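Since the structure comes first, as C-alpha cells, the remarks are kept for the end.
Letters are used for the chains, namely A, B, C and D, taken in the order the chains are written, and counting of residues starts over at 1 for each.
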C-alpha cells in the first residue's frame, strides 16, 4: 500500500513532536515535510535523537504555506492566533488537522471529537482538533449529555494538567523545573480559553445551552490531564457506566472503568479512561476523564482524525499501550 | 525562661517527624521523649541525620503511656484507630495534641482549628488537631460560613494532595516513586474519612446542616494540599476577600491573597494561603486554600495549638518562611 | 506469517510488564501465557488497563514450569535467586531469555549483549540478558576494550539510575515517592552485584583481567540509567567516536553522539546513546552510556535477543522512538 | 542586642532568595535593603508570599552601589561576570559576602570555605563564597588533602546537582519541567568553570599541584548536590572517617557518617554530610559529600561566613534541621 505523504507544522513544539513520533510509527504514513521556528535549518535528529533514518535527516523548514511539497495530510501545531492566515493558504487538496486552537467551531472546519462524531470527520478535509482540557472532559460527559441524563446547569469542571500542556517554552520561568516541582495551583479562574469550546460541544450534544464552570490546575508532571466533573442528575453509577459503554462500544480508544482512572494508564497513548460515581439520593454525579494531554489531548486524537479523513481504520498507528511505570 | 518538656508519639512517621523538626527549633520547647514502632531502640539521629546534640542521641522508646517521663505536652501522631485507648492512659496533667484522627469532635476534646477558634484552645488540655484536607478547606471556608455569605448546600470540594499525606509506608507499593511519578487520580469517591469532620465544622460555623461533596486526588509531589471549593452565593470576589481579611486580621499564619495561591508558597511552614473568585451574576464562588499538609495540615497547626494551650504566642516557633524554590 | 507464541514469567513486575508492552506491539509475536505472583488469577487488564483485547483478558497464571502451554519463546523476569531451579524445568524446545540475574556467564547460557555479540545469540535457545547497569556501561566501553584502546586498569564507573531499576515493591518504603523525591545517594559502595558481570564481559572483550570500580546511585526519576566512565588511554575524542561508529555501524539501536547523551533520548525505547570526551594530554577518557533501564537495560534488549534467537531482524518490534517530553 | 543591618543583592534569584530566608530567620540580622533586576520596584511579598511584616513590604531596589543605605553586611548574588565592577564601589565599611563566582581566589578577597578555614574569615570584610560544586566536594576532600593521605593525582569528581544550581531562568527552556523531569545528563565535560576553584583549594590544602577531573550532571530535583570522588591512597575507610572527624570536630554543620549520605538529609539546611569507602588493597578511596546546593552550596555558607566576619557564633541562624520528607 502506498503511504500517505505527511507534513507537520510546528514540529519542535510538544504537540508537533508527538505528532512526529506517532506518524513515524504509523504503518501508512510517511513524514516528508516538517517545519519549525527556532529549529528551522537543522536536521530532525538534532531535536529527536532517537529517530531512525531517513526521517532523522529530514531538514526542518521555515514554515511557508506557499512552499509545501505535495502532501496528503498536514498536521498544524502553531501557537493560538498564528494559524488562521497561513493555513488558509494551504492548497485545498491537502487535508489539514489543526492541533492548535484557532479553528474550533469555526466555519469550514469540522470539530474533531473523534470518538463522539467520527462520521462528521470521515472524509473531511479540514478538521479542528479539540483542546486538551476539552478532550479529557467531553469524553466523560458526552454519554451523559447525549442522553440528556444530567442537568445542563451546574456543570463544574475541575481539571489537573501536566506541564507540557503549556507548550514548549510557554510561560518562561513559570514552568521551570524548580518552580513546578512540589507545587500545585489553579489558574485562569472563571476565564479559561477552553470554556467556549466546551460550552459549544456540550450544548450541541444535549440540545441545550450549557455554560460550564471550569478551573484548570497545573500539577508537577510532564504529561496527563485528569478532569473531575460535578453534575446534577438523578441516576446511578451503573446507569452512567452503561451510557458510556453504549456510546463507545466501537471506540477502542475509550475505556470505561469502574475504578477512578489514573492518567498514567494513558501515558504515551491515544486512550481516554472514563469513570463515574453517582449518588442518586443527592442527585449528584462525579464524572472522571483521564488522558495523556499530548495523546488524546493533542497528537493522538489528531492522528485518529487523520485516519478518519483518509478513510483508514480510526486506530491504525495508535495501538501502542501505555508506558508503565 | 524554663522550657516546656515535650514528648512526641509516632516520631518516625511523617507527621511526628515534622513535629520533631518544629519542636527542636522552638525557643520554648525541649524534646525529652520520643516514641516509635519499628524505630524503637535506635537514636533519633539514625532517622534524622541533621539533628543537633543532645536531641540527636535521644533514644526512641516503644510507645507506652504508663512509662512517660514528666511532660508538659505530648504530641501524638498515631495511625487512625490506635490512639483512643492509649491516650486515655496519659496522666491528666500532660497536655495532649492528637495529630491523628481519633478525637476530632469527640467529647472531652477541643477541635483545634487554631486560626478560627483560638479561644477554645487557649488553656485546653486535650486538643484534636484537624485533618490535613479539613485544614486547607476550612481555612478558606470559615469566613464565608461564619458570615452566612454562601449557601450551606451544594458545597463541592475538590482537593489535591501530595503523597506524604498518606503517611510513611502508607499504602505500600501504591505510593512507590515509580507509581506516583507522572500520575494523578481521584480516590475515595463520595466516601472519604474527612467528610464528617468538615461537615461538623462547617455546620457549627454557619449554624446549619452542611453536607459537602468531597473528592481527594493524589498528585506527584511530597508535600502540599490545594483545596478548590465551589459554592453558591450572591457575592463578589472583593466581598469574599474582605470577609477573610476581617476574620483573620490577627492571624499571621493565614494569608489572604488576590492571586490563586500555590502550595509551594507554604512549603515547610504553618501558613495557609486563601483566595477567592466570585461571579455574582451566576451566584458562584470559587474558594481556594493552599497549605503544606505537614505544616498547617498536621504538625504546624499542632504546635500552634500547643502554643495556645501553654498560653504562649500562637506563632512562636512557627515564624520560618517557605523554602523557595 | 505465523506469529511466535510468547510467554512472560513475572509479568506484574516492571521488567515483565515492559516485556509485555513490547511483545503486544511486536508484529511477529503473540502473547499466550503470562504468570505472576501476587497478581495470579486476575486478568492482565486489571494491571495494564490500556491493553487491547484479546490479550487484555488473558488470565495471569501462577508460575509453574510444568504447566506451560506450547511456546516458542519464554521471557523470564524473576527475582535474582529464584529462576535457576524453575527455568531448568522448562522444555528444551522453548527458547528462554532470562531477564533476571541468575544465568549471566553461566554454563549453557549465552550472554545476551545483543549489539556486541549478535552472532553468539542468533539461533541460541538459552540467553541471559545483561543487567541494567552493564547494559548502559558495556555499550559505551565495548568499542574501546575490543580495540584495546584503553587501559584495563583504573576503570571507574559512576552510574545514575532511576528508581524502577529496583523493581516493583523492591526495598519497601525506601523507594516511596516521598523518600526518593528531591534526593540522590550512592549505594552498594565497592560491592554491587553487577560488578562480576561487567568484569567478565570487559575481560573477554580485551583479553585481559579487568576489575572495575563501580558506584551506583539512585536518582529521582522512574526510568533511565546514565553511566559515566573514567578510563586511562592515550587517544582523542574523535578516535573514541570512530571506534564506536565502526563497531556499531550495523546496529541501529546504538547511537553514537557528539553531545553528552540524555537518558530522556531513550525513554521508552531499546536505544542506547553513547559518547566520549578524551584529553589525550592527560591520557584520560570519559565515556558515557544512556539508556532506558527497562528498554536496553531489560525488556528491550530481551526482545532484541529473542529476535536474534528466532532468526528475525534484531530491531523488529523495537522501532518506536522516544517519548518527548 | 542591636541587630546587624543586612543588604541582599540579587534577591529574586535562587541564591539571593535563600539568603533572604535565612537572614529573616536570623536572630541578629535585620534585612533593610534588597535589590533585584526584573523585580525592582515591587514589594518583597510579591515574590516571597510567606514573608512576615515589616520585611514583606520592603521594596526591591534597582541595584546601585552608590545608593546603599548604611549596612553592616551585604550578600551579593549576581550572575558571574557582573559583580566585579559594582562591588568595588561598595563602601569599605560594608562587609561583603559574594555568593557569585567573580572573586574566588582573587586578591583582596578571602575564600570562604567556612568549615575548613574559619580563622581566615573571622573579622574579614571581603569574602568570596565557594561555588556549589566545590562546597560539596572540598568538604569531603579537605581531611584527606590536609593530611596528605591521598595522591594529589588522579582525582576524579563525579557530581550530581539539582536544577536550582543553574539559577532562576538560567538556560531557558533547557530547564523547563518537561525537559528536566525523567532525565539525567552530564554537561561541561572536561571544562567546567568550577575546576580552577577546586584545583586552587586542593593545591593549597596539600601543598601540591592538583588538577582534578570533574564531571557535573544535572538530575531531576530542585535542590541538592552529591559529589562522588575517586582517589588513590593507601588507607582504610576508618582512617578516612577519623581524619574527617578530627578536622571537623568543632564544626557542627559538617556531619561525618558511616552510611553513604543522601542529599535529602541536608534539605533546607547549611549542613554537609560526608562519608568514605576505601579499599586499601586497591589503594582506592571513594569520598562522598552531600549538601543542599542553596544551603552549604550558597546562602547557608554565606550566612556562616557572615557570622564569622561579624564575630558571631558560626552556626547562629543556621540551626534549622532538614525538611523530611
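Annotations
In the analysis below, a residue touches a chain if its C-beta (ideal position, glycine included) is under 8 Å from a C-beta of that chain, and two chains touch if they have at least 3 such contacts.
As the structure is a prediction and not an experimental result, all values here were calculated from the model.
Chains touching both chain B and chain D: A, C. The chain with its CA mean position farthest from that of chain A is D.
Two chain pairs, C-D and B-C, are compared here, and C-D has more C-beta pairs in contact (counted per touch definition above).
Chain A and chain C have CA centres that are 34 Å apart. Centre to centre, using the average C-alpha position, chain C and chain D are separated by 38 Å. Rounded to whole angstrom, the centroid-to-centroid distance between chain B and chain C, based on C-alpha atoms, equals 45 Å.
Residues of chain C found to touch two or more other chains are 14, 162, 164, 168, 176, 178-179, 181-182, 220-223, 261, 267, 325.
Residues 14, 162-164, 168-169, 172-173, 175-182, 220-222 of chain C are the ones that touch chain B when the two sit in their complex.
Residues 14, 17-18, 21, 24-25, 48-52, 164, 168, 181-182, 222-223, 252, 255, 257, 261, 265-269, 271, 273, 319-325 of chain D are the ones that touch chain B when the two sit in their complex. Interface residues of chain A facing chain B in the complex, by the touch rule stated above, are 154, 156, 158, 160, 162, 176, 178-179, 181-187, 189-190, 211, 213, 215, 217, 219-224, 226, 228, 230, 260-264, 267, 277, 279, 282, 284, 286, 288, 290, 325.
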